[in-house]
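This structure is in structure tokens; I'll ask about it shortly.
Chain IDs A, B, C, D, E and F follow the sequence of writing; residue 1 opens each chain.
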Amino acid sequence: MIDVVVFFFLLGVFARLVGSDLRLPEALYETLSIYLLLAIGLKGGIELSKQPLVALVPQVLVCMALGFAIPFLLYPLGRALKLVQADAASLAAHYGSVSVVTFAVATAALTRQGIAYESHAALWVAVMEAPGIVAGILLARMGRGGATNWRGLAHDVAFGKSVLLLLGGLVIGAVAGVEGTKPIQAVFIDPFKGVLALFLLELGLVAGGRLGEVRRFGPAVLVIGLGAPPLLALAGAATGLALGLSTGGVALLATLAASASYIAAPTAMRIAVPEANAALSITAALGISFPFNIVIGIPIYIELAKRWTA
Amino acid sequence: MIDVVVFFFLLGVFARLVGSDLRLPEALYETLSIYLLLAIGLKGGIELSKQPLVALVPQVLVCMALGFAIPFLLYPLGRALKLVQADAASLAAHYGSVSVVTFAVATAALTRQGIAYESHAALWVAVMEAPGIVAGILLARMGRGGATNWRGLAHDVAFGKSVLLLLGGLVIGAVAGVEGTKPIQAVFIDPFKGVLALFLLELGLVAGGRLGEVRRFGPAVLVIGLGAPPLLALAGAATGLALGLSTGGVALLATLAASASYIAAPTAMRIAVPEANAALSITAALGISFPFNIVIGIPIYIELAKRWTA
Amino acid sequence: MIDVVVFFFLLGVFARLVGSDLRLPEALYETLSIYLLLAIGLKGGIELSKQPLVALVPQVLVCMALGFAIPFLLYPLGRALKLVQADAASLAAHYGSVSVVTFAVATAALTRQGIAYESHAALWVAVMEAPGIVAGILLARMGRGGATNWRGLAHDVAFGKSVLLLLGGLVIGAVAGVEGTKPIQAVFIDPFKGVLALFLLELGLVAGGRLGEVRRFGPAVLVIGLGAPPLLALAGAATGLALGLSTGGVALLATLAASASYIAAPTAMRIAVPEANAALSITAALGISFPFNIVIGIPIYIELAKRWTA
Amino acid sequence: MSLQKHPKTLLVIVAEAVLEKALVRDARERGAQGWTVAEVHGGGHGGVREGAWEADRTIEMKLICEPAVADAIAAHVLSVYAPNYGVALYFSPVQVLRPERY
Amino acid sequence: MSLQKHPKTLLVIVAEAVLEKALVRDARERGAQGWTVAEVHGGGHGGVREGAWEADRTIEMKLICEPAVADAIAAHVLSVYAPNYGVALYFSPVQVLRPERY
Amino acid sequence: MSLQKHPKTLLVIVAEAVLEKALVRDARERGAQGWTVAEVHGGGHGGVREGAWEADRTIEMKLICEPAVADAIAAHVLSVYAPNYGVALYFSPVQVLRPERY
């Protein structure tokens, strides 16, 4: 059975395709994304408070390496599909980074199916935001003059909204623990899935708007949008296996690898690689791969994880 | 005892009348209305999932006919009160369509009094949005040149925010069922009345602002604003009886008939009948009939339904 | 142990100090403040419904007198620190009025520690908003020509958002009572602390922005920002003792006295005493005293109340 | 600086928000190559418009274009919308740098 | 097109949002027949104004009116508000179509 | 009224919101003493920009300044940002009252 939150996404896509005037106010969009980042961080942090931190260092490093490696995998594919250097690199960066909402949909699916996963998985999300973006910028600059303001960029990503809220939530959850966070659970834990549903409605509206653009960019965007996720999911799942993760953990790492960023990456690439076509990347990431992942991909990745860890 | 949510409406009216600077941000207004539409739809849809759909077809058709007929009842009254054709027609259209919040207040009152009603009543709301608007436009065009872009209009109403979210919620609720929607109930079911209270605070502010305008439009607006609801409630209750609805169902259909739209109708009429005075209709609908219905009308319609179905 | 909501404040300050792009949409800020005011009022009102109102009259009068007296205590201090008349008076007005969020943090701390307090304390907050502002304006006008539009000012404060929502909530809570408000508790009671956490995140962002300004205003702002709260807390606690309040009540009155307004006062003073430097007051109130109170002050005031009422 | 500036006309249309879609379409049909919209509130002969409900919102649309295009759009707005909608419009001479884009 | 255009003055006032009500009243008293307000943020001699809290919000008010009316309003704003509030104002010549409305 | 008016240039830059911080910095470095920003949406050669996601938002920045300062800022924006970003800019002659502030 499809998870109920996915229906909200489809409703949004439908509304957009039929030209409905439905629009969620921008302030709501921002509020929901702030909420989801904080809530995911907090939940992970509460779990983090129950275990030794040192054991997580290898996981963190491997996750970062995975995010950094992905653009190097995808870039040649983009070039082979006749994308110019900047576009191939920028697109690759989006897939190197991660989509927090795709992650949330995957955890919801796991919970529904009663499959356990590493409770601190939010930490992986937080550390996988940045490396792919850095790799994408390196690829865009490769063999070219243009100097990159690495300091500014590092600052913008490390202290950007996504990483800051995820890590902030993680730290607060870890420090305050189960007891300390009890009074705020009615806001940050219980309504999580309902809020996710609303956010998916909004993302459906945006993704629906992107679908119309697919034609504009030719087959490259389709090939990458549909081909990259399963490919990267394999890489993610293999990494998860190598790290000895649980079934749910393997599925989540596959999902993270397969997912493409549509918050941190677009903004960062717009500043660092302005010559790249922003519409192309967002169309692939949000118009194609995002729906693919939440509707078709995640069930497959979970199935894959079950078999590989059986 | 007056329902607590009505107090929030009165607080809003009071704030406006004394010239308070209290204003709810526009994004909140939009968010609350999106939420209420989705939540009402979802709730109805969950119930819909428990029963055969075919049995509802007659109800749906009769509800639509009722909405379509109402403007033909009201239009002569408006003309008799010396309103010009466009104004009488536009005003009639508002009453032909329905107010979702009035409906919500009525369901809350029924629940509080422990009176059962057809659990799929949200479906009536969804199908009663449009017919009254169409009838109003026909009346405005009657015996006149002006061509109406019916295709564009049909599109705008069918895929407009209200109908889309109500039907979207209904379908999601029906497909996902009780089990499937459980994870999102903390957002869409439990807080419903509290959110309704907030929305009524906002509507109170708007209605309070309209009260000052009543004088501007002379007695016509008062006569219709106060006279139409009880009249239409009778028509609605009679229709409900004829359909063999439960006590609560009769009360709800009376309420729907008596209520005037202030979301879908004003926007649709602004486009289709721009020569009508928009302020006049909104003043009658939101400044007079809305408060009348939620404070005085609904208790009366419930009482009426109890007697007629006894 | 620090209350979890305080961590959200610190996260906001941190985000701002490191120059993060994190910003809460303005509509969210407004929504949260409307929610908190209503919720605090409602909670107090529900309690109010359980007791005789007449017994509260002396408390109310003494609280108002305390708020009115505070600016007369602080003004000479400001002048001694070389502030010009308008600035000293405006700053004093901020401390004469109260901070609703500081109050909320204090009630949360009391609840966590299991210390009882007068359940109608929200009433104190409502009546303490205005007197300090009036006193501050008198001080600014003292021995000067400029006429003050007292009527307009009285209107703006009495029907301003803060007082209106607090009193509105109180009245609704008192009239609807425990039973009547049950259906809206899922919105106005349960999520209170989580919403408070979000609001503190936002206030942290604002306060963090103010910290950079501290230097600009020299030592005066630091001396008052850090010195006034403990001083005023003593006055508040003493008043609480004199009124025969419970331990929690003494702590709350100390907190109210120590807290500085950053909603009602800045706007009122901007209109009534425009020649005062608004940035100076907000820097002291929100940049220094607010963090001081919620991190260090409140635990001390509670300790103090425990000893004095032992 | 030796910036080459070119005269264009800025046409500003303040109108009920419900007209936005139609105004964009009409402006493009008459030769406008771009448009910018801000959400505003205000008042005029039709009373105060505060954006308190859906049909009470107001937009300000700016069109930088050839004088003849501005005239065509303004004439259309004046004859089609102004009789029944709250509309204010004005022209202002401006200078642009890349004239082919406007 | 034979659009008949009429010269008017556009007066733009950027000011602290707390002044909005007063500015509308003052402008109407001095002959303005309409006004349009947008919410903005910015910075100037009074520092950066980001709208981070209630008294930190900024508005931009536009008034299309007779030159003499614009002058009267500007003079009033300059003498009454500018000394103590963050205010920027400028005049711009514009052309309108229905002159009696401005 | 004997208001003393002084000519200045109003430079309006409509650009992707991601550029705001950089534009403020660049404008100040080139002599702008203040700036005003409004959130807008619109469309042009780069397609429709609706603000539907983070990198799709658009701002309109207004700078009242000396003509030479406006030219320097515009030249900079044109050479550095316009090649890769959605940018529209135009100049308009305005008059101000307190010339030393702009």
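As a convention for this text, contacts are C-beta pairs under 8 Å (C-beta built on N, C-alpha and C of every residue); 3 or more make two chains touch, one makes a residue touch a chain.
Fair warning: this is a prediction, and the values are worked out from it, not measured in the lab.
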item: Those chains which touch chain B and also touch chain A; value: C
item: Graph distance between chain C and chain E, where chains that touch are linked; value: 1
item: Type of chain D:chain F copy interface by residue overlap (half), same or different; value: different
item: Reference chain E; chain at largest CA-centroid distance; value: A
item: Most distant chain from chain C by Cα centroid; value: D
item: Chain B-chain E separation of Cα centroids, rounded to whole Å; value: 40
item: Centre distance in Å when chain D and chain E are each reduced to the mean of their C-alpha atoms; value: 19
item: Sites on chain F at which at least two other chains make contact; value: 38, 92
item: Residues within chain B bordering two or more other chains; value: 25-27
item: Pairs of chains satisfying the touch condition; value: A-B, A-C, A-F, B-C, B-D, C-E, D-E, D-F, E-F
item: Residues of chain A touching chain C in the complex; value: 25-27, 30-31, 34-35, 38, 155-156, 159-161, 164-165, 168, 171-172, 175-176, 180-181, 183-188
item: Residues on chain F engaged by chain D in the complex (per definition of touch); value: 14, 38-45, 58, 60, 68, 71-72, 74-75, 78, 82, 88-92
item: Chain F residues within the chain E interface of the complex; value: 1, 3, 5, 8, 10, 24, 33-38, 64, 92-98, 101-102
item: Residues on chain A engaged by chain F in the complex (per definition of touch); value: 26, 29, 205-206, 209, 262-263, 266-267, 270-271, 274-275, 278-279, 282, 286
item: For the chain F and chain A complex, residues of the former touching the latter; value: 16, 18, 47, 50-57, 81, 83-85
